[in-house]
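These notes concern the structure reproduced below.
In this document, chain identifiers A, B and C correspond to the written order of the chains, with residue numbering beginning at 1 in each.
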Amino acid sequence: MKSLTKHLVLDTEDRVQFINITSKIQELVKESKIKEGFCLVNAMHITASVFINDEESGLKQDFKDFLEKLAPQDDEYRHNDTGEDNGYAHIWRTIMGREVTVAITDNKLDFGPWEQIFYGEFDGRRKKRIMVKIIGEE
Amino acid sequence: MKSLTKHLVLDTEDRVQFINITSKIQELVKESKIKEGFCLVNAMHITASVFINDEESGLKQDFKDFLEKLAPQDDEYRHNDTGEDNGYAHIWRTIMGREVTVAITDNKLDFGPWEQIFYGEFDGRRKKRIMVKIIGEE
Amino acid sequence: MKSLTKHLVLDTEDRVQFINITSKIQELVKESKIKEGFCLVNAMHITASVFINDEESGLKQDFKDFLEKLAPQDDEYRHNDTGEDNGYAHIWRTIMGREVTVAITDNKLDFGPWEQIFYGEFDGRRKKRIMVKIIGEE
């Protein structure tokens, strides 16, 4: 069994932001030389997500609107009694998901036609880290 | 390390539908001859889910009612400005989840008593694909 | 490839409860002697979750309030026509998630600074089981 481990660093400019990281992950799969295996991609922060969906700007806005309706940013959260103001972001990340596991087949992400990997930031404006770990066989 | 890769094809008859795929996945585990490992099952479409819950018809209706309440099918979605009418389905799949990873022990799905694997279709009435990848050791 | 399989047993005292299991999982990683690999942790019950978030009491209350608002415990659920009274719990577990896959690097959970693993019980007051499976290389 072989493995590749990488902590990607992203500079997030906005508080709430979706960043397409598919090509970065595909490069790491290539670098790993692993032909058959699994690729785990997860947020290393608990107010951020990694998820798979479509690259379409309207959809990104739909997700933001949906999350804001479900758990408004300026609602009252017990978590904010600690001095934080990101209570909503812990909930948003839970809805969108922490991680994805993607099949690697013949040294490529084994994807359907529209699958794209996104990093979802919900409390940004600073450097954030994404875990990528690939295990399998050459 | 050994692996087995399969793209299952399902014919979805309804727009919204839950299909129990547990026995299909168990057959593939047997076929793989892998005794100890992981089995990844994921939707290859971004308006569909793979998730684990109970085989009970009332519960399936509860899930549909819950999703419809949260993100109604005929609400307005920016995504639908592209000519699509499945904005809700991208959100439903996000709530239900894209994938499951299941432990394989002694060449079987290592499940609790009620765990069953479902494919959740939210924009169906055509052929859809499910990714199954098993890695581990004989 | 090596593997370690463990079914943890927890005694849940409350109907709804979050239990931090991070140190238990870290011990199993150490016991496995696996240096590079993946650790899968999942609920073996379909009214329970395993998820990763912050160890902070206010946040745990926020999650309970959020779930209660989304799918109230005493709403009507078709599932409850079977004689059950835990319809809400199947939905809560879906929102919070069944499982996490965590990267193992150098025989440790490869975590960001605040990541903690929780078992979320939504229909407790009896013994429950959690699946832990670790695969990888020494």
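Basically, contacts are C-beta pairs under 8 Å (C-beta built on N, C-alpha and C of every residue); 3 or more make two chains touch, one makes a residue touch a chain.
Values in this document were obtained by computation on a predicted structure and should not be read as measured data.
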Same-site or different-site touching of chain B by its copy chain C, using the half cut: different
Equivalent-chain rotation between chain B and chain A, CA atoms, steps of 5 degrees: 120
Chain B and chain C, separation of their C-alpha mean positions in angstrom: 20
Shared interface positions of chain B, touching two or more other chains: 1, 38, 70, 95, 97, 101, 135
Chain B residues within the chain A interface of the complex: 1, 3, 5, 38, 40, 42-46, 70-71, 77-82, 87, 90-91, 93-95, 97-99, 101, 129, 131, 133, 135
Chain C contact footprint on chain B (complex, rising order): 1, 36-38, 51-54, 56-59, 61-63, 65-66, 70, 95-97, 100-103, 105, 110-112, 114-115, 135-137
